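Next up: some structures, all given as structure tokens.
Common to both upcoming complexes is chain A, partnered first by chain B, then by chain C.
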Partner chain A sequence: MSRRGAPLDWALGAWGIAFLAVLYLPIALVLAYSFNRNVVNMMVWEGFTLDWYRSIFGLATRLAEDASYVHSTEGLVHAARNSVVVALAATAVSTVVGTATALAMARHRFRLRPLYQALLVMPMVMPDIVLGVALLVFFVGAGMTLGLGTIVMGHCVFLASYVFVVVSARLAGMGADLEEASADLGAGPWTTFRRVTLPQVAPGVAGGALLAFIISMDDLVITYFIAGVESTTLPVFIYGMLRRGMKPEINAIAMLLLAFSFVIAATGLWLRARRR
Partner chain B sequence: MQSDDDSPQADGQSLLRVAGARRTFLTPEGSAVRALDGVDLNIRPNEFLTLLGPSGCGKTTLLRAIAGFEDLDGGRLELEGRSLEDVPPHRRPFNTVFQSYALFPHLDARDNVGYGLDAARVPRAERERRVDEALALVGLSELGRRRPRQLSGGQQQRVALARALVNRPRLLLLDEPLSALDRGLRQAMQIELKNLQHTVGITFVVVTHDQEEALTMSDRIAVMRAGRILQLGPPGRIYDTPADRFVARFVGDSNVHAGRVAAVSARGALITLDEGFELHAEGTGFAPGEAVDAMLRPERLMLAREPGAGPALQAVVERVVFVGADVQVHLRLPGGAALRALHRHLPGAEPPPNVGGQAFIRYEPAAVHLMRSAP
Partner chain C sequence: MSGALSARRRRALAGLLAPHSLLLAAFFVVPLAIMAVYSVLTPGLYGGVEWEFYPYGYGRVLGAPLGEVEEFDPVYGEILLRSLRLALTTVVVTLLLCYPAAFWVSRLPPRRRALVLFLVTLPFFANLIVRVYAWMLILRPTGVLNQLLGLAGLPAADLMFSETAVVIGLCYVLLPFMFLPLYAAVERLDPALVQASRDLGAGALFTFRRVILPLTAPGILGGCILVFIPAFGNFVVASLLGGAKVMLVGNLIEQQFLAARNWPFGAALAMLLLAAVLVLLVVYVVRTPHPEGVR
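And now, the complex of A and B:
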């Protein structure tokens, strides 16, 4: 290591630490706040408590009646269940559609292909508000009742794009030669798909599905437009809570969501590692 | 001696007949490339046929068309008289050894080899027996449970071979099968492939750009260029009597010079070369005044200090290059023409001539091969 490089190394190291601090300090603060006993000002540490977590799950707490705003856990649990149902349904549909589209685009040449490709990626770059308004106008115009069904449909519109992009990236590294080899050895198109294509793209499909699931669970803006009265999802529910004031329970909910995302991501990594 | 006529009508025995095959590709720039420009070929049962040519000559396109991966724009493919036009690749009784091997990375060697048998719904016991046989044939019995990435390049190549052979195809298609191997292994595999073909009695069609490989392995070679077959015949005939200057230069080392037939007599022909020298050739059906290309193989030129009884050319030695068993001597004729001769490098033999010195190039008229003048 040369002497002249030392100040630069130091500056780069400091920059790296500052970058990580800006990224993770807010999350660390939320984690700390979620265990803070201070009811009035969550930014002043008063002592450790699990009350905010207990309150979410409707367990006995030592909090005053007005300190928490999850008056019944019913609404929260209901919203969480809605979110999971929507995410599972939308993930299933968009994974099949996105994967099939990626395969078709990668394996066939046809007219206006670049145009189709652009149209497929469009929902990802379109502002959420525009997509939300457009979906709302469409569903209302078509005379549909807003509810879980419309949320699932709305999510599929943009989740299929994400799956398409992830699976396409996987396919980009693969020539058609394995599929040709399979056909050459006498396997029909369906056998080739089942025994060669699918095992090859499986990591991409799994990655796309996990991404779709997390995005669906997380989506607020589009869901806000197309959710019915009875079909609140978790992000919409939390947003509704926030409008009634910032209370410490929100920290605990955020931490639970973070833990849930970690579990999903870790599952994905574990599945990928196991394939090796 | 077997007949090796190029024309499909000439022999009755035919496994696969290619007639008037045409295929044009559009480049991204929009220009058309004729990958196959009217190819006629008769593949015989149990022969080892090589498609030889530089990259872009259409040899791989022809192989892929036979396998069914490329459609023809015109012409026909017939397996024992039945058209293959509407037969998809998975219904053709051919198997391919791909240049990249295209082994299934998620299956071990046994399951790769057994893949075609599974697709054909071969019963379990027979499948296991045939997989064992195929792996034994290529000497990989011990490595059946390895995944492709745990095998060396040469071992992967053998798995690909076993995977194709286990199905007992009517035709085995091999696309540059040895190009990914290093030199020593490649030479060993050339012999091994030839032996294997003999053992299994399956027709092999091999695509290669390596003329040495083609000469070593083949019963017949089809030399291709720009979507056409220039010459089809056994290696010896291709080497000794190439059809034109392209074949002469592509197969083996050669001296090719353009000229004209000056005179024809009962004893032979006199050729005047454009670069200002003369060659004596045996009479070979060319008329006086006709434009020809004359070929001399370097190993058939003898260098001497004196002109001998036969014809000879006087030249200056420009360079002497040691190439192992032989010494390559670069010579310059007074008119400017360059020739290469091979001087066998043996103990006790006459040493190669000195650089800058004079030498006489002796040759026999029979060594001068005349070809149609090519553009």
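And now, the complex of A and C:
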């Protein structure tokens, strides 16, 4: 860089560091408070403890007893289990569906293709509340009981689009040369798909599945509208807790949730960087 | 590929597209169509609808009530305007925060750039509710902000349950949506063009206005739209950081469906929201050049 740009570089650097700080300081705060021993006022630091984490897992702790918040643990575990079940089922379905669509769109041209493509991205870009209330109206109108089943169906609608986008990006970078070579050498379409296309596209599929899993675990708005009374997921459960008031154990729950999504996201991003 | 599809390829295409088409038809197109129909029906006495044409849902918002039964209530217009105002503020703030940051990242050495990009992307995957919660900790009356202000000997700021709190929350949650399209545009910016402008005697400000800004405009437009849409329809941030004081159109929709049980009115509001979003998306698609084969 020329000397003329030096003060600008310095200013940009300071701005960039501040930008990262804005992104991470709020999260770091929650982490710090999740170790706070103060039962009466969670905002005042009193000392380090792991008791909030213990109380989430239903272990008896001095703090949790003093604070008498333990009753929510059962609901929490139930909600967490629901979240994982929904995310696994919705990820499995949407990964297959979205991958098939990506393969079709990458290798075939047809007349309504641009229109179809617009339809595919709509569930991702429209405000989630619109999809949430539309699904609520639909499920109730169709006489279906709101529960884990309706949540899985609702999640598949937008997760399949995310998988489609991720796998499409992978396919766009692949080119059709190897597939054509395989066909020229006499392999049938199925063999070509299984031995040539699938191994090449696999990292994209894995990335799409990880993304779908995280988004499903994270979804609050759509789930909020189409979850039945007995089928609360983790984000909906925490949302309910927050609306009733703030309790110290929320810090610990939030941190566990954060650690969980960060590990999965980091795995996905790392996979993508490595394969490039 | 040339000519008509062979029968075999057509079968393969149909087979591959069938699952997604069924999924979208059953759980996307049909629900939206039902909602469109509901939005012009009479609200049922105990929730649900009665099959009688009744466009009051739209009339109440847009100022065309059908006379005797109901009157036009400007409060809904106010809620829409407030949602619009807060969403636009969010767009401007995130743009101002992210634009310099995008230049910073694009000028880092490659290894460090990859790390920083990873760090910027990571919060995007953090649970939304956790990220909003973090700001509840900061902004509540006994929160971190006021503790810091107290330490500095400054008067406490009562930000919780205000429009400012909602905008802060929206900005924080939507920051990655602005950063990533901006960064993609800034990274493509050819430094040689900037250098050429300077060499030809243009000042820094002139170069920015006539070279850098136009060349990064697609990224700016993309980021603005990607931030505006979720900000405009958001109800979680407003309900947690704005409480009952800051009602946005998302909260109004939620209320109509889950509390007031006036489904047609809620459906009409959702349709208006969807219409606004569709207009924006069309603008975006029309204004963005799409090279063939690039998605």
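Keep in mind that, in the parts below, the second predicted complex is superposed on the first by the 252 of 276 C-alpha atoms of A that agree within 3 Å, B and C clash if a C-alpha of one lies under 4 Å from a C-alpha of the other, contacts with A are read in each partner's own complex, and residues count from 1 in each chain.
Here is the rule we use: a contact is a pair of C-beta atoms (placed from the backbone, for glycine too) under 8 Å apart; a residue touches a chain by one contact, two chains touch by 3 or more.
Treat the numbers as computed from the prediction; the structure is a model and nothing was measured.
Looking at the overlay, does A:D177 come into contact with chain B only (first), chain C only (second), both, or neither?
first
Taking the superposition as given, does A:A187 touch the first partner, chain B, the second, chain C, both, or neither?
Only chain B; A:A187 stays clear of chain C.
Which partner chains sit in contact with A:I238 here, chain B, chain C, both or neither? Use first/second/both/neither.
A:I238: touches chain C, not chain B.
Per the contact definition in the header, classify A:A6: touching chain B only (first), chain C only (second), both, or neither.
In the superposition, A:A6 touches no partner, neither chain B nor chain C.
Scan A:L50 for contacts with chain B and chain C and give back first, second, both or neither.
neither
Check the contacts made with chain A and report whether chain B or chain C touches more of its residues.
Counting residues of chain A touched by each partner, the higher count goes to C.
Just checking: does A:Q200 make contact with chain B only, chain C only, both, or neither of them? Give me first, second, both or neither.
Only chain B; A:Q200 stays clear of chain C.
Looking at the overlay, what does A:G141 touch: chain B (first), chain C (second), both, or neither?
second
Taking the two structures together, which residues of chain A meet both chain B and chain C?
Shared contact residues on chain A: 189.
Chain C touches which residues of chain A in the complex?
Going by the criterion above, the answer is residues 1, 9, 11-13, 15-16, 19-20, 22-24, 26-27, 29-30, 33, 41, 43, 96-98, 100-101, 103-104, 108-110, 116-120, 122-123, 125-131, 133-138, 140-141, 153-154, 156-157, 160, 164-165, 168-169, 172, 189, 214, 217-218, 220-221, 225, 235, 238-239, 242-243, 246, 250, 254, 257-258, 261-262, 264-266, 269, 273.
Which part of chain B faces chain A closely enough to touch in the complex?
Residues of chain B touching chain A: 67-69, 88-91, 94-96, 98, 100, 102-106, 115-116, 119-120, 163-164, 167.
Could you please specify the touching residues of chain C with respect to chain A in the complex?
The touching residues are 1, 5, 8-9, 12-13, 15-17, 19-20, 23-24, 27-32, 34-35, 38, 48, 97-98, 100-101, 103-105, 107, 114, 116, 118-131, 133-138, 140, 142-144, 147, 172, 175, 226, 229-230, 232-236, 239-240, 250, 253-254, 257-258, 263, 266-267, 270, 273-274, 277, 281, 285, 293-295.
Along chain A, where are the residues that touch chain B in the complex?
Touch list, chain A to chain B: 175, 177-178, 180-189, 191-192, 195-196, 199-200.
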